[in-house]
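Take a look at the structures below.
Each of the next two complexes has chain A plus one more chain, namely chain B in the first and chain C in the second.
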Partner chain A sequence: MIENEFNRRDFLKVLGWGGAAVAVSGCGFTSVQDGVENVVSYVEANEYMIPGIGVYFNSTCAQCDAACGITGKVREGRVLKLEGNAASSINRGRLCGLGQAGVQAHYNPDRVTEPRTGKGEKLDWEKALGQVKEKLTGVSGDEIAFLTGNLSGHLKVLLGNYMDALGSKNHFVYDAVAPAVMRASNKKAYGNEMPALRLDKAKVIVSFGADFLGSWVSPVNFSQQYAQFRKGVNNGGRGVLVQIEPKMTLTGANADRWIPANPGTEGVLALGLINALGAAGVSIPSDIAASVSAYGVERVSKDTGVSAEQIQKLAAVLKERSPSLVIAGGGAEGYAHGSQNAAAVALLNQVLGNVGKTVEAPSVVPFPQLAPTAGGTAGLKAFNDGLAAGKFKVVFTLGANPVYSAPAFMKLADNLKKAAFKVALADAIDETAAQADLVLPLDSAMESWGTVVAEYQAGDAHIGIQQPLMERLYDNTRSAGDILLSLVKQQKADDYKAFEDYYAYLRGAVVQAKGSLGGAGMDDDEFWSTVLSSGMVKTGNASSSLRTSASAVTLPAAAVADAAFPLRLLPYVQPSMRDGRHANLPWLQESPDPLTTIVWDSWVEMHPKTAAKLGIVEGDIVEVTSKSGSIKAQAYIFPGIHPDAVSVPFGNGHTELGRYAKGVGANVFQMLDPVFDQETGELAINETHVKVSKTGKRVIVVKEEGAAGGSQAGKKIAGRLASNNVDLSKEV
Partner chain B sequence: MRHFLRLSILLIGLFSGSSSFAADTLPPVNTADDLGPQVDQPIEFPHNRHAKDMGINCMYCHTYARRAPVAGIPPLQKCMGCHNGIESVKDKPRIKELFKHWDEKKPIAWKKVHDLPDYVRFNHERHVKRFIVQQDKPVQEVCGYCHGDVKEGTVARRQKPLSMGWCVSCHEKAHPTDKTAQATAQGPNDCWQCHK
Partner chain C sequence: MSVSNLLQNWSAVRHTHPVGDAPHAEYKWAMAIDLDACTGCNACSVACYAENNLPAVGKDKFEHGQQMHWMRIERYWDEDGRDMPDQGAQFLPMMCQHCEAAPCETVCPVGATNHTADGLNSQVYNRCVGSRYCSANCPFKVRYFNWYSYPDQEISWPSPMEQQLNPDVTVRTKGVMEKCTFCVQRLTVAKHNARNEGRLVQDGEVQTACQQACPTSAISFGNLVDPASKVAKQWKAQQVELAVDKQAKDEGDDSHEVGEHHSTTKLRGYRIFEELRAYPSVMYLERVRESAV
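== the complex of A and B ==
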């Protein structure tokens, strides 16, 4: 602690003089070094490698599932910086902060560098893979389970072949913050899980809790479409964005109007809008008109907390400005009736005639075997049920960290102990790898080969090629593909003996299909080098279509409030933290949250009125308690949230995952209540009810934002209201 | 305590500041060569043999100087290109060492003797273009501005101060803009030219 006798002003004075002294002496001889560092020349130099000049390689980003194309700058054999690949139709030359941090995932000092046992003993690869083989002998296929994150491309094919060889059907796909409910409801409404959204063609967008500029599905693509939508490039004038969500996201902050409807009533509002549109003269099929007749403006206003005037205005805007686009996102889906909410929003799209105009049939890669298998929390539940029943003896995990992100009520960490042998394929010791009996260290995305097919294909369908941007940093890491290939060779040596490594397998597979990949007439080497230099293969589109017929939606009655837990917890998917797998990247911890500007911590966001009622001020350490658990974090008072809700971001609160993640913030996954979407079985993440109490401690919230009132260097720069006098829902 | 601390830091700062300032005011271009310490290198490379006796152009080996910010140390391949065919010195210890590295495909870890701080961006290419291409000055003379009389030395050693004041002293002089022009211009003196 700095004592009072040494105050800030004195400190700055000393620093000033000291700094001046250093600056002056810096002009002398002291800073040129002789014989301290090495300069190592090449043995044989490539023609294109010039020291000091960057060389650029195309690859595919692996930081989230959007699969943006990237271009990496490599100098003296080290990757320095990533940019978007301009040829990719997904991100068209742009890249988000999460993608930029891919470099830091690669150079992270907490990466696992050698195969190791649960006790931390180092092994060589032969022994490590030998252990897997030994543990698999005498184990039936049903007793083996493989939990992965979303997979696509040849890795998925290889994993499928491995599971077939083992005779196991237990491949579970798990993504903690997936748009899984939306996939199911889209499939039902449009006949397609991921239709292409044309934000740029819409004259008005009404988004029910889809943070498409921040963290939803393919944010870099949507951000560019959004720019065109606002500029009026393809829609004849500046588009209007209305965001309906009880917790303001980055998209909500950019909207013309942010409407904090009561949490969970998004479906009611959508049906109410259909009813209002019908009353305003929009033609609606009679069965649908009958099904929404109960949703009169008065009732909808009462249920949603949105004023009747605002509902009428919204309906009028939707009627006048066609085509429009209505999107349902995580904010509307995380409920027990999430599927119905999403269905109601899809129905609104159909009634407005948007299907085929702003909701288009997507481009599809014509290789169904490479298409992504995308999961959600239903996959985790099935995996956990199997573990709890003691069905699995050998368990593999790859690209998933269930011990961290499974809610406490699942007791997954305990259930995992029932499996006799747990293998984690991991790049860092996360909570799941820490419990494993064998950790197989993965190459970073900058070191490994792979093919990726994006779940959300924008524009031309393509397969993203992931290629190493530099040599391995550590000799004893392997790519997931290489590990799987070695494992599958243990089972079916003859089938795979032609492939020395995963690179050979991948190259063989891509080159074999060159005829249908635009490489007809090229020789293999020529085609392969074209593929590598562009970082992707355009595949041409398989045909797909959307269903336009609509069917009625019924919504359940509103849930009764629980007096013991008066507030609703709305966990927040932060654009850079997502489900917490990147919490070990200091760049992301350091980059302020777009709304609260808080860094390196979790927070409990609450409305000024709610805070005043509870006597809480900014920085109070509060305890948020649900039926299933509790966390402690600093309070942040923010008018951009519904007064009956509090919000805590996902991603922090790790007990493992290295020096930058461990002990930072609180893990909100742990305290979620066991409520599931009734149709899809996905965990309903917005259904947790909580109470908030003060602990008596208070901290200074570390954030970029200045104090309310707007003064800089003693000068008033802008007249601002104190935050408790702002009503964002009434701002334009 | 506080005042004592402040005073002492102030004095130390001023002392070190003024002493290095004194060193900085030496007439820069005329500084004597061989300023840097002797540094042991894995192979004692005789620059005099190559640059003086053989008369090899500096940029034959340091080929990156004209197209990159750094001059680069030549790849082993470059050394072997000649030495493979020079029978007369093949059994000399230094050449044996060279062949050993080549056979093992093991790069040589040279010690840096011109290591500027990371906040300084010196660009070889710009200087080569200016003096050698535009003004048509002899290569050894131009390289010698900063590296001294390399053809008289053996193992590379820093010859000049390479301090900021020393760089600036040359940048403040007027140079002809090319070999025929009467017009002269100074080197750039903006901070950001080197401190980006």
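== the complex of A and C ==
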């Protein structure tokens, strides 16, 4: 695909350029003249590469697990910009800011470029891999552990084979900000961990703390659906969004009604709504009705802090407008009773008859061996328990930075020292790689081959293909697939000898299955080039189904407040920073947080009333202390938070990870209290209680918001129309 | 355009817009942004960094108001004195409005910022002398000045980050003003392609970077002269006209003030600061809020 058909060659000749960058926009200096960039010579240019003309390659975004399809614009052998791949049913040509910044992960100046020892000595690959082999000799499978982030596709297959070859069952999957409780509760309620959500078909969405427009599961897909839901394309009129969460997320900021229910009472509110619906004449199975009979409006209002009138209004709207969609997200699941909260929310969906209408059986890739293994914090805990017990002699990490993101109470950094040999597969020296005995430098996502299966498939199930968009920037980095292939060859040379590298392995694997991947009748080369040019393989959907049986939910009694720690800490998963792995991308550091507009720092969000009580003003450096730790950060007075809570974003406070991340802000992971969801064992991230004190220092909060602090100063700048039941689908 | 040419054709270059005597011929680029779809996610802003070689400036310079984001998301709260913003926040993507009668243009002492034939407010970097009058006179505060030579700043493009720079877009030098161009480099390519084929650019053929990234498709962009373009249809349906300073929607409402607008017309389209008669090329569609819940 070539971006413009007019004869650029002539144009370039006239200007006296050959293979150089020309500023079509005309005036000023080109970056080449400025010496900012080099003219790349093309000794052996591919036929389709015309200097000055962009070529586009499809691949898969690796910035989060949503696995959106991307199209990279490549000029003169450099990848310049990513767009969404229009053919991907996940993102349909769109991309989030985090995805856009994928090129900065690639060109990051702080990438690790050579294999190195813990002391920083450079090694060649042969020596580095030789060390691994040597350290594994005489070590039993039980003494080897591999901690990874979520994995899918052939990388997962290879890792599985490697662990089998080593005789180890210790592959732990860790995602610090995963919707792990929701998965488990979905499995129970619907028989499926990740049903398809049809936001576009819902007339009302009630989200209990799911930031689906920001950081939750598949935000680009949900944002598109949200636009249709607002427009009234498939739901017969503009949909209404109600967000229930004590800390306003991006989704809450877009709600028609944002309801800051008391933290942890999401389940109570859900059961209260079921009760209110029953009272309003919605038919509810008698056992369920009986189980919620204790949740009368008054009691629910008292527990949740939501007015009785509001609860009635909400129940009325839910009754009147069907189908609706109720979602439980991080805001509801981060408690000791997170599973029950999520179950109560799922029950509300069932009572409303949404299952099968807006909660659908998902699209599933019919290759279970490639399906993602998605983890949460339970994986980290198991890994850490093993370390603490001194069980592991050799540990590997890939796509996870536990030294940064494990709470201090786990003492993970200390426990890690008990492992004699630690290997980090990393693209930059993060906190975990800094403690490793061997660092194996990874290719960027723009340099690697891979297959990715999204956990949340939308529409056509497919396997995302990741392909290099340009040559390696550094000779001595390798893709995770290549490293794993070399490692597994150390154990089982014969089985893998046909594959020179991971590319050969991947191509072999995909081509071999062409018959079931829509390539029957094509020859191998033809099929493979079709796969590469589309950046994905449509697999067809495996059959899947949902269960609709509802069962009663019991909630625990409300916890008693601790006078020493009067406020609740509600950490915020920022859409661009997530678990902190992207803190080294300057575009994202400089991209204001949508809610507070703060850049390049952490902050402590506090309701104006709470701040007034404590005598805190914007910019005061405050100390937030829990039983397990403390952080210091600037205070930001923020109306979108429950007065009994404070919020600090995850993601900053790195002590490593390069120039853009190191020393910026505070790490809130480390002060979390050891409270776990009782059913799944996931860390309950909203269960930390804190006190806040002033340190006496004050700074100017660096933010986008102007002096007027979010006021339009009486002018009509951002317009708003108050209207009920509008239908925007008739608009152009 | 040379200075002598500029002086000779002063009236043509500096005629007032919008004008009846020289309406836009083939193209008039314009935008519509649906605030009910926009979620404030910032994807557009980051996409603009990637496309247009915008430097990250770092915390200190940001503190001094020297950030260079051509596209920014403004966030507003309701101002009705409630404790809790229980109807959410208001987000507003803000970039150069490509005013037809641009206040920035008339104050430039060297004619570095001009109206183009296809209706853009252009910025000629190598004519700009850095007086910054334009920025002072822009009602929307969307002009960004190069206080530093960013290629020399350690933070912006340390090697190998410079390899990401878009060769179709100039890296600006110290002392010049810059702002949103409606991705003129993309428009140029599309116009060339069309011209070579003896036709006009068709709707959808060219997208701005922000529009292309936007996960909710809140931004539409196109040629207002082409009645078949989505943007022209949107403007027409919302009865927003380029060359008037009072739109159908504003009938009977002289306030131009913030607050809930209870539309009797069912129209959502408006331009910001209409009363200043800058005649912006960007129409916004009001965010809708239901109170039934």
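By our rule, the second predicted complex is superposed on the first by the 667 of 732 C-alpha atoms of A that agree within 3 Å, B and C clash if a C-alpha of one lies under 4 Å from a C-alpha of the other, contacts with A are read in each partner's own complex, and residues count from 1 in each chain.
We adopt the following convention: a residue touches a chain if its C-beta (ideal position, glycine included) is under 8 Å from a C-beta of that chain, and two chains touch if they have at least 3 such contacts.
The model shown is predicted, which means the values in this text are computed figures rather than measured ones.
Q: Touching A:D601, do we find chain B (first), chain C (second), both, or neither?
A: Second partner only, chain C.
Q: For A:V702, decide between first (touching chain B), second (touching chain C), both and neither.
A: After superposing on A, A:V702 lies in contact with chain C but is clear of chain B.
Q: Specify the partner with more touching residues on chain A, choosing between chain B and chain C.
A: C
Q: Using the touch definition from the top, say if A:A62 reaches chain B (first), chain C (second), both or neither.
A: A:A62 contacts neither chain B nor chain C.
Q: In the superposed arrangement, which partner chain does A:V242 touch: chain B (first), chain C (second), both, or neither?
A: second
Q: Of the partners chain B and chain C, which touch A:L314 in the superposed model: first, second, both, neither?
A: So A:L314 only meets chain C here.
Q: Counting only touches as set out at the top, which of chain B and chain C does A:I50 meet: first, second, both, neither?
A: first
Q: Which parts of chain A are touched by chain B and by chain C alike?
A: 5-6, 20-22, 24-32, 34-37, 52
Q: Using the touch definition from the top, list the residues of chain C that touch chain A in their complex.
A: My answer: residues 35-37, 39-43, 45-47, 49-51, 53, 56-59, 62-63, 67, 69, 72-77, 79, 83-92, 124-127, 151, 155-173, 176, 181, 184-185, 188-190, 192-193, 195-197, 209, 212-218, 230, 233-234, 236-237, 255-263, 266, 268, 270, 272-273, 284-293.
Q: For the complex, give me every residue of chain B touching chain A.
A: 1-2, 5-6, 9-10, 12-14, 16-21, 23-24, 35-37, 39-40, 64, 67-70, 72-77, 101-102, 105-117, 157-158, 161-165
Q: Any idea which chain A residues touch chain B in the complex?
A: Interface residues on chain A, with respect to chain B: 5-6, 10, 13-14, 17-18, 20-22, 24-45, 50-53.
Q: Touching residues of chain A toward chain C in the complex: what are they?
A: Spelled out, the residues of chain A in touch with chain C are 3-7, 20-32, 34-37, 52, 75-76, 78-84, 91, 93-97, 99-101, 103-104, 107-109, 204, 213-214, 219-220, 223-224, 226-227, 230-231, 238, 240, 242-243, 248, 250-260, 313-314, 317, 473, 575-576, 586-592, 594-595, 597, 599-601, 609, 639-640, 659, 664, 700, 702, 704-705, 710-712, 714-726, 728, 731-732.
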